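Dropping a structure here in structure tokens format, bear with me for questions.
The first chain written gets the first letter, and so on, giving A, B, C and D; residue counts start at 1 in each chain.
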């Protein structure tokens, strides 16, 4: 059943496997007249690229994006925009040992049960490398959001049980840090935790925090396409994500209504933001 | 924009407001030949009905369901099944004071901003009463799942910061308890916490836990329609839900890969279930 | 598989059988703030109602529509609008003879093959009575179109091989004529043809012609949601429709490009309309 | 708004412009385990290729297809299959004169009105060359249909007003004929008509006829996804198509019910096929 698309008006379809000819995305519903170049997308892909520090997995890929359609003379035309990132460092021989085993914590077993066969080379379609197409598509989505003055920033708030102080730190520099953590002291401890785990042939979990600013009131649709429901689905569709919280999230379950509701004074001017800016599935601005 | 439907092959569309003529649901894609009566759905609605104990909100509604289509001679026909629950205890006068104010923690303000007007009677479409249509639709969904030997059970695991011992307690009786909590001692403390909050004109948050058994391996579709992504979206679309965890959820972020991966021995026989039975978005059975 | 909905932003879901409790529709995506009453919809239902002249099938139904949701204080609220038309003249006994036979030219046999059982009472879901929900939904769609100054008019252009002169006749009065044909002389011949067929226990086919005015340039989406593709699908989804033509339709297949292309002078001012106002799937205004 | 996808379970998304880097398609929902090679798709592309005889438009393109994903070891894996056909003979200079004019009968004007700008090179996205992606996708769809023993054949039945005798002629050889017409005498006349029009700088219209065999009873979904509605939408989404008929089509409008209904004797054994094998939107086998 088709399931490689996300979105209704702006719809992203991704394709590609870890060790096939390439990965890519088709973005449909992009407004005409936006300025778009391969460089704009490439910048985000470069930030994603593994192998740039000792803290990342070691595959070295240039990950060069090519725009196949939908852009003419530097402007989007309203036609679907297809992006292709060809695989180059696809040393599938490294994975030959996986042909006959199912890695724990991976989709290998489930994929085999569902489809009766699988592309075992590096996880195939279920490889973390699938996110390269998301990053490329996201660079384009950001272009659309920026045209509406909406800015989305994400940072790493926790790794290996070490929590960053995300409230008081300055997020603007986090993008430059290899761990994307705005709290330098916590980042140093996280680095150590990762290195220790690496030495032991182990790995550590983490939490990311995302903020959107400039979001106008009124986004999100009752009942089933609530803004939190759509965001949650998008995030849970990323491999290895096992939880999502909006605003104060599970902490709200331990709070009284009197202290968890965001009071307005006057209407529209919220004094707190326990609800993550979403009430009844609609953004409150 | 249309957003009152959920699902692709089995699609639920709900409608109705807290104080309008009624609420209902249209279920499309229900297989033909299932035995279905109004009584089957009514049982679940009776369990949902508020006003049955001092612990619930006090609206007294019989909430009688009527099947409008899709069933003939006691069997589903493959045609869409429409359900209607007429409103009876719709004392909208009680809410007249809401006409000019926006309740904190409710969708009142967002709805006004989005649509330019709102049905202020008891929250209108964004009332918690919207879930009556979900419960009716769920009773039907359960029928389809049962035909496939899949059983879904949910209980209350936490209220007002009081956590139930959900692992060792027997869930089968929880349905009969007014708080749906299988741990009797915790349930008694929860009851006290609710009553205290009620006395102070306040409310408390909570957490529910849901288990599905009999799920075959292979459910869920990579990439965007992963089983956890779809479940997460469904749950986050319920008003007031602010977080979702799959398996061990956020606890996994504080765990090493070596102890969070579910080992198989032999393949298909998982020794643990930290991942909530879903790997790469596909159920593992 | 779900298939009782049509549309993306404005989505109609219909339900109900010829001899069940009732038929209805849920309209999702209707803008908030439109003035809507049951009377507005009832007017169209009254025009559809059979049994008003000797030329129609003889079932007598008041077909009273009830709005169940989505309207408050005379205005649409942005919530889904559910409509219900209860069946009253459902003499299913008249159809008992159909229980064991498959009527030729009806869906009886196909439905049985597809679903393994069927509601044989008057065709059940595949009855022509299904269109009562479309007419009600259409009355609401017209309201949305009128707010955008788009006017859609349909007339009968051919019955039993008798063609009306639709080009020169005045369409504005056709709505009042029992046969909806604007050419009075042709209408008289059509009436005779129908009466002759009725006497012989037979029926006759026909053609309808629909014009939309006020359509702005730019409606319709390349590639698969071309305006003609979506209109064609909608019309072919009506039972018994077996052909659709846009503009000059099949006549264009017998014409040279030089005389079938609609020249503009100046751009935007089309001198002819062989293409039915749609080029490349997009309206040309 | 996204509109470059078609289908629900098996969904095709196409992209690309006449003179951009390339055209392609992503096929989602293809079952795992089908044998698929680039050669299989290439064969259909070769049949489509223009410039092979004096009767076609003169662009010479090798149109080599490349499979980018979804196939491993010669078998489909259940992952989306992306196809790319790079443009080579993209002499956009030939079209420079189009930059400032709107060709009659083309989407140029509508696209400009809708999007505010356009890729004028050879029609851009609205070029007839868009069908190269459909042909490639169709080759894959045929593979799925063949696995279910369904065979679809299309021929040219009319060009420039010259009708072929499609009923008695043998369709199996039509694929080899440059005009795909099974009636050799009519084909010769069609060829002459095309050549005459070409000499006069003109073009001629035509009609194609498509038959599907091996279709089991039960395909197609009431109400809005009737088999004829979906087929009609697919065909009308092809540029320049202005009409669709199912079975006897418009001829049925001039026929009495007594001679247009397909009688069964016994049930399931239809003596005629005026309805095109579809009753109530469901195939009758």
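FYI, a contact is a pair of C-beta atoms (placed from the backbone, for glycine too) under 8 Å apart; a residue touches a chain by one contact, two chains touch by 3 or more.
Keep in mind the model is a prediction, meaning the values are calculated, not measured.
**Student:** Consider the two chain pairs A-D and A-C; indicate the one with the greater count of contacting C-beta pairs.
**Tutor:** A-D
**Student:** Sharing more than half its contact pairs with A-B, counted by residue number, which one of B-D, C-D or B-C qualifies?
**Tutor:** More than half of the contact pairs of A-B reappear in C-D.
**Student:** Among the chains here, which has the CA centroid at the largest distance from chain A's centroid?
**Tutor:** Result for max centroid distance from chain A is chain C.
**Student:** Chain C to chain D: how many Å between their CA centres?
**Tutor:** 27
**Student:** Averaging only over C-alpha atoms, locate the centres of chain A and chain D and give their separation in whole Å.
**Tutor:** Centres of chain A and chain D (C-alpha means) sit 38 Å apart.
**Student:** Using mean CA coordinates as chain centres, what's the chain A-chain C distance in Å?
**Tutor:** Their C-alpha centroids are separated by 45 Å.
**Student:** Quick check on chain D: which residues sit in contact with 2+ other chains?
**Tutor:** Residues 1-5, 8-9, 14, 79, 111, 114, 125, 222 of chain D touch two or more partner chains.
**Student:** Would you tell me which residues of chain A are touching chain C in their complex?
**Tutor:** It is residues 8, 79, 222 of chain A that touch chain C.
**Student:** Would you pull the chain D residues touching chain C in the complex into a rising list?
**Tutor:** 1-6, 8-9, 14, 102, 104-107, 109-111, 113-114, 125-126, 130, 158, 160-161, 197, 200, 202-207, 217-218, 220-226, 228-230, 232-234, 236-237, 239, 241-250, 252-258, 260-264, 267-268, 275-276, 278-285
**Student:** Provide the residue numbers of chain C that touch chain B in the complex, in ascending order.
**Tutor:** Touching chain B: residues 1-5, 7-11, 13-17, 20-24, 26, 28-29, 32-33, 66-73, 75, 77-82, 84, 111, 114-119, 121, 124-125 of chain C.
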